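The following pair of complexes shares a single chain, chain A, combined with chain B in the former and chain C in the latter.
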Partner chain A sequence: MVFSSLHFLYIYLPVVMLAHLLAPRRLRNGVLLAASLWFYAWGEPVYVGLMLFSVAWNYVTGLQLGAAARPSRRKAILAGAVAVNLAVLGFFKYYGFLVQTLNGALGLRLPDYNLPLPIGISFYTFQALSYIIDVYRGTTKPQPSLVDFATYITMFPQLVAGPIVKYADIEAQLQKRRATLAQVGQGLERVILGLAKKVLLANNLGLLADAMRAAPRLSVLSAWLGAAAYALQIYFDFSGYSDMAIGMGRMLGFGFAENFDYPYRARSVTEFWRRWHISLSGWFRDYVYIPLGGNRVGIGRHILNLLAVWLLTGLWHGASWNFVLWGLYYAVLLIAEKYVTGRALSKLPDGVARALTLVLVTVGWVIFSNTDFSAMGRYLGFLVGIGAGGFADGAFLYALRSNALLIAFAALCCGPGLRQWQLRLTGRLPAVALVLFAALLAACTAYLVHGSYNPFLYFRF
Partner chain B sequence: MTEHRVSARPAAQRRAPQRRGPGAGAQRRYAIVKWALLAALIAYAVLVVGANSARNVDFSVIRSAIAAAPGVSGLNALDENGFQERMDASPTPCEDWLMFGSDDIMDVSEVMVAKGNAAALDDLESALQRRLEAQLAVFRSYGVNQKDLLEGARVLRRGDYLFYAVGESADQWEDAFLACIR
Partner chain C sequence: MKKKRLFFLRATAIMVLALVALLDIAFILHKDRAASPLENRNLQQRPALTLTGLMSGRFEGRFDSYVADQFPFRDRWIALKSTLDRLAGRTKSNGVFLGKDGHLIQDFNAPSEENYRRTTDALARFLDRHDDLNAWVMVVPTAVTVLADALPALADAGDEGGYIDRLAEDLSETHAAFIDLRGAFARAKPTTPLYYRTDHHWTSDAARLAYLELARAAGLPENTDAFRRRLLSGGFQGTLSAVSGFRMEDSEDLWAYVPGDDAPQTVVTWVSENRRGASLFREECLDTRDQYAVFLGGNFPEVRIETTLDNGRTLLVLKDSYANCLIPFLTAGYHKIVVVDPRYFTGDLEVLMGAEGVNEILVLYNAETLAEDTALRGDVGES
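And now, the complex of A and B:
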């Protein structure tokens, strides 16, 4: 079940919200847990078992860590628990990739089971890891209630596409939370905004990006238009989903941290990654980068740390070599910014620095979106004129004319201006804001009823 | 001057909660539960792998079984051009494939089986999702029966095989395919 489906919006969500609101306080987590399992089983009935294993394994690990005093024992428990979590993730997400790579490189014939990827496995595994590591570190107490812990791991708003919520951030809310009418209203506003980003912007930008990618030959400007459309699509797709998750969390009485902070306004790639998928960057910072020594080490070791973190970040996004290349691309850019170009970049005017960052990020999305290396190479070639059908052509002008309004509006939504205006409007003229949100929801519904193109890019990570 | 006391214990030890836990008995119980969970995980993984795997059979067996299935005789066996025209993708990256479809543009019935490596099947699966979306967009407004059939499309991945079927007899075509590879 995806958030941007009529079934979810008009049946599942109202039923669950009502049940949660009406349930006695002590039963609310139970209601939320049942609803989350229903949500997951709708799309992945087979893999509910895997998620329940993750819940049980990490719950018992937390209790075990809480009861163990000897540091060596605690370390062994943590190492075993992390290894099992990573083995599960590795088998269900990376086994096929590993086997294909080994078979291709060494001429082996290891069996590839072609297992479908369990939805959300990367997200809930990372949440579970953050919990047991924090319990090990002593910064979090073990959760004594299995229902409360299972609610944290399986919570449907952020189960399949994040944000990755650290246990410590919602520990208190798991025990005691309030969902006032005002919070429900604010949450609903955020859900509608996220839905609009996804349905009205991302889906339509996706049609343009796909059309450009499907063309056998592109002019330079067509290739850039297609790449820019994809960059906008993935931003509105993923940030829209995050908005909906945060909004639903708010309606349930949870305060999830923001996952995006207008990333396309970043002045550097370093800043871009502070603004894009913040919960994932934060996870890697807290649980991989800093334990490796962070930047408080020599230059050589620091470079190695960055390479390791970005290799893992790339692999986290998918079991394919293009994601590895994408991660290394960012590692190289970040290392260059840190040690070579950073000072020069900081002296550039804002507009120039932002444009340069956008170009680098857009090229990154071309690597990200092409699992086929020959298609990736061809597209990257078009961007710089290699193999391209000229600098500009009729197809570019047609695509630009047909989508000018969409692209201009999407670009406007990449900055904070429109959101600030909406917040001011909601504060000063709530009735007008209500009408606007109702109209937005009606427009999204109309699109969902009539449109069939409704992919979700981050669903399979 | 204020005297600062610095603990000689390592940081991890200092941070560890110094609770008087339930002790060795509880640790043993937790360990037993975790071993049981691991055994359940392995059994579960074996079941999932078993359910997703497929016997490697000669493709002619599948071809004959699908051709003999109810309702397929009314469809045409498509050549490479026909496949490409419908799926907007080439079947050549696959080891072997078959596709039957109707000449009547109002008839959405079609069945396809392809055998290949994961990358080839991934691409083909994306292509057939696009095909389904395009067909749905065509028939959504006026073809109630066609829309229902398209929404009930069968798409299966088993081992090195990809199966796709739309039609009144899609369930029987699926059974015929599964009988070959089990």
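And now, the complex of A and C:
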């Protein structure tokens, strides 16, 4: 199921929220678990089995770790658990990629099963790993209840697109949580804002980005407009989903950590990654980067650590070479900022540093969004005028005119100003804010209903 | 401020709950619609729950469509979305421009080089093969060319004029005469509505002008005095509004030139339907959303029109829907007209031409359809 569907918003969510609210306290996790499994099974029931296997395996492993005292035994259990989790993730997410690469490079004929990617597997595997490692480290006690543990792994708000919730953050709330009317309202406020980001901003920006990417030839400005539209699209798409997840968590009585902190206001690429998909960069920091020694090592080793982390970060985003390239692109930028350009960058005026960072990030998204390297090369060429249809053209002017308001508003939403204004408004003129939110919900509903608008094109005949 | 914020949060919870409950109650109470006339398609009905359907994901997909298709006040939501798009400054939707003076204008999509070559070469060879028959090619410019000044500001429309020029040039090697309507349309534009505002078709007045151009070239009556201009509908809502979502409330007049008492009598045979009638118009179509289908009843693989005019002239028309409102004028000059729509025709064209004794050929398309067409070249015998 996806959040931005009428079925989810108008049927699934109200039913589940009411059931959760009305259920006796000791059954709440059971209700939430059943709802989450239903959510996950919708459209692709087969992989529920895989997720349940992951839940059961990690649950048992957690208990074993809790019971084992000998360090060598604990280490063995941990190694086994990590290996199984990574093997499952590796097989379902990377097997096809690996086989195609090997077949291509070595002329082999290994079978490619063309398995569809189990939704959310990257997210729930990482959650499970964080739990297992924390239990191993002794920072977290193992969860004795299978239902509670399964509730944590499968919880529907964050199941398919994050944020990656650390077990320790919601351990207490799994046992005891309450959702007041005001909390439900606060959650809904966040859900509506996230929905609007996704449906009103991201989807419409996506139309522009797609149109530019599909054009056989672009002027330089058109290419930049398309790339900027994609950068805005992916931000509002992803952060909108995170907002909705955080909002729904709040309605259920959970406090999920923030996942985005106005990333496009970053003054450097280093800062960008402190503000973008925070739960993922935090995961890699805690479970890969720091265990490798972080930056408390020699320069050579530090560079190696960064390369390793960013290679993995790239691969995590998708099983394709362009994601590897995208990760390495960031590794190079981060190493450069650390050892070469960092000091100069910090002396630049804010505006210049931000603009520079934005350009680098936008180019990064071009790499990210093109799994086909020749298309990527072509588009990157357009950006600097190679093969482009002039510097500006009619298509650019028309696209700009048609999307100027959208882009201006989206740009405004990239900073904290509008959100601060909205919070002040709700505190001063609540009635006005209420009308505004009703209108926002109505607008989102209109766009979602229109998504099913499918006039049969008999006009061609 | 804290207190007001708390009020806002609680009120939000209650408001959203109330809105969702209201819509859900409406969803449960209202009767499911079978079809959407606006979209010209059947709407998803409540799917039956089966284990295999559920496990394969088919049920889920259909259920999601069902909720969307049967969402209460669906058409209102769609209109709201279009209004918001317009407010945001969008002037193009699904390939349709929101033009000035209420004109909706379909963009022109240039054909791929391969598509252009294959169609043009096949057509040229077909005409060469029949160089003993008089032939005319009429590729009608659409509103995007003729009404270019009504396009929204800065609109970056496809180059239809360039396409027509190239086609005329490439077909000039054949013996067929290319009839270019752009001059006549430019002259008539200030006084005559040439295109519907909500539909991609030309008006009957535009078709009349085109007939007069053809008449000069083909030696047909150079007037249309035998026909009377008649209002068929005051509530025509074209397909461009449905396709784009713009101006969905607008409707306009639909005029036709119907044969008067002096016009030859006709017998019309819809061959594939095995149906015969005396009229070139099917007025029952005026009760449907697709009112333009009143002309010849819409598009059929093969329609044969025989007239009381005994001059031995038999015309083959290879056409799209633009021809449907021009064909009535042709009855004043032909004994027999064989109308073939290559998009639906599956027979052998050469056999048909021989059997019907065709001795003249007219190829009549609008530029947009011909540019996108992939059927004509097969029927004219692409090798």
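In the analysis below, the second predicted complex is superposed on the first by the 451 of 461 C-alpha atoms of A that agree within 3 Å, B and C clash if a C-alpha of one lies under 4 Å from a C-alpha of the other, contacts with A are read in each partner's own complex, and residues count from 1 in each chain.
The definition used in the following text is that a residue touches a chain if its C-beta (ideal position, glycine included) is under 8 Å from a C-beta of that chain, and two chains touch if they have at least 3 such contacts.
As the structure is a prediction and not an experimental result, all values here were calculated from the model.
Three-chain overlay on chain A, with chain B and chain C in a clash. Counting the residues of chain A that each partner touches, chain B and chain C differ, and the larger count belongs to C. In the superposition on chain A, A:61 contacts chain B only, with no contact to chain C. Residue contacts after overlaying the shared chain place A:450 against chain B and chain C alike.
Contact with chain C, but none with chain B, is seen for A:398 once the two complexes are overlaid on the shared chain. Look at A:102: by the touch rule set out above, it reaches neither chain B nor chain C. Of the two partner chains, neither chain B nor chain C is touched by A:336.
In the superposition on chain A, no contact is made by A:439 with either chain B or chain C. Looking at the shared chain after the overlay, A:43 reaches chain C, while chain B stays out of its contact range.
Contacts of A:408 after superposition on the shared chain: neither chain B nor chain C is touched. Among the options 39-47, 147-155 or 345-353, the segment of chain C that ends up inside chain B in the superposed model is 39-47. Once both structures are placed on chain A, chain A residues 46, 450-453 are touched by chain B and, in the other complex, by chain C. Residues 10, 12-13, 15-19, 21-23, 26-27, 30-31, 33-34, 37-38, 40-41, 44-45, 48-49, 51-53, 117-119, 121-123, 133-134, 136-137, 140, 157-160 of chain B touch chain A in their complex.
Chain A contributes residues 5-7, 9-11, 14, 42-46, 181-186, 188-189, 192, 204, 393-395, 397-399, 401-406, 423, 426-430, 433-434, 437-438, 441-443, 445-461 to its touches with chain C in the complex. Of all residues in chain C, those touching chain A in their complex are 1-2, 4-17, 19-21, 23-24, 27, 38-41, 54-55, 57, 60-61, 63-65, 67-69, 71, 74, 77-78, 80-82, 84, 88-92, 94, 106, 153-156, 199-200, 238-240, 242-243, 245, 290, 299, 320-321, 343, 369, 372.
Of all residues in chain A, only 46, 49-50, 53, 56-57, 60-61, 63-64, 66-69, 71, 73-75, 84, 88, 91, 96, 100, 111-116, 137-139, 141, 371-372, 450-453 touch chain B in the complex they form.
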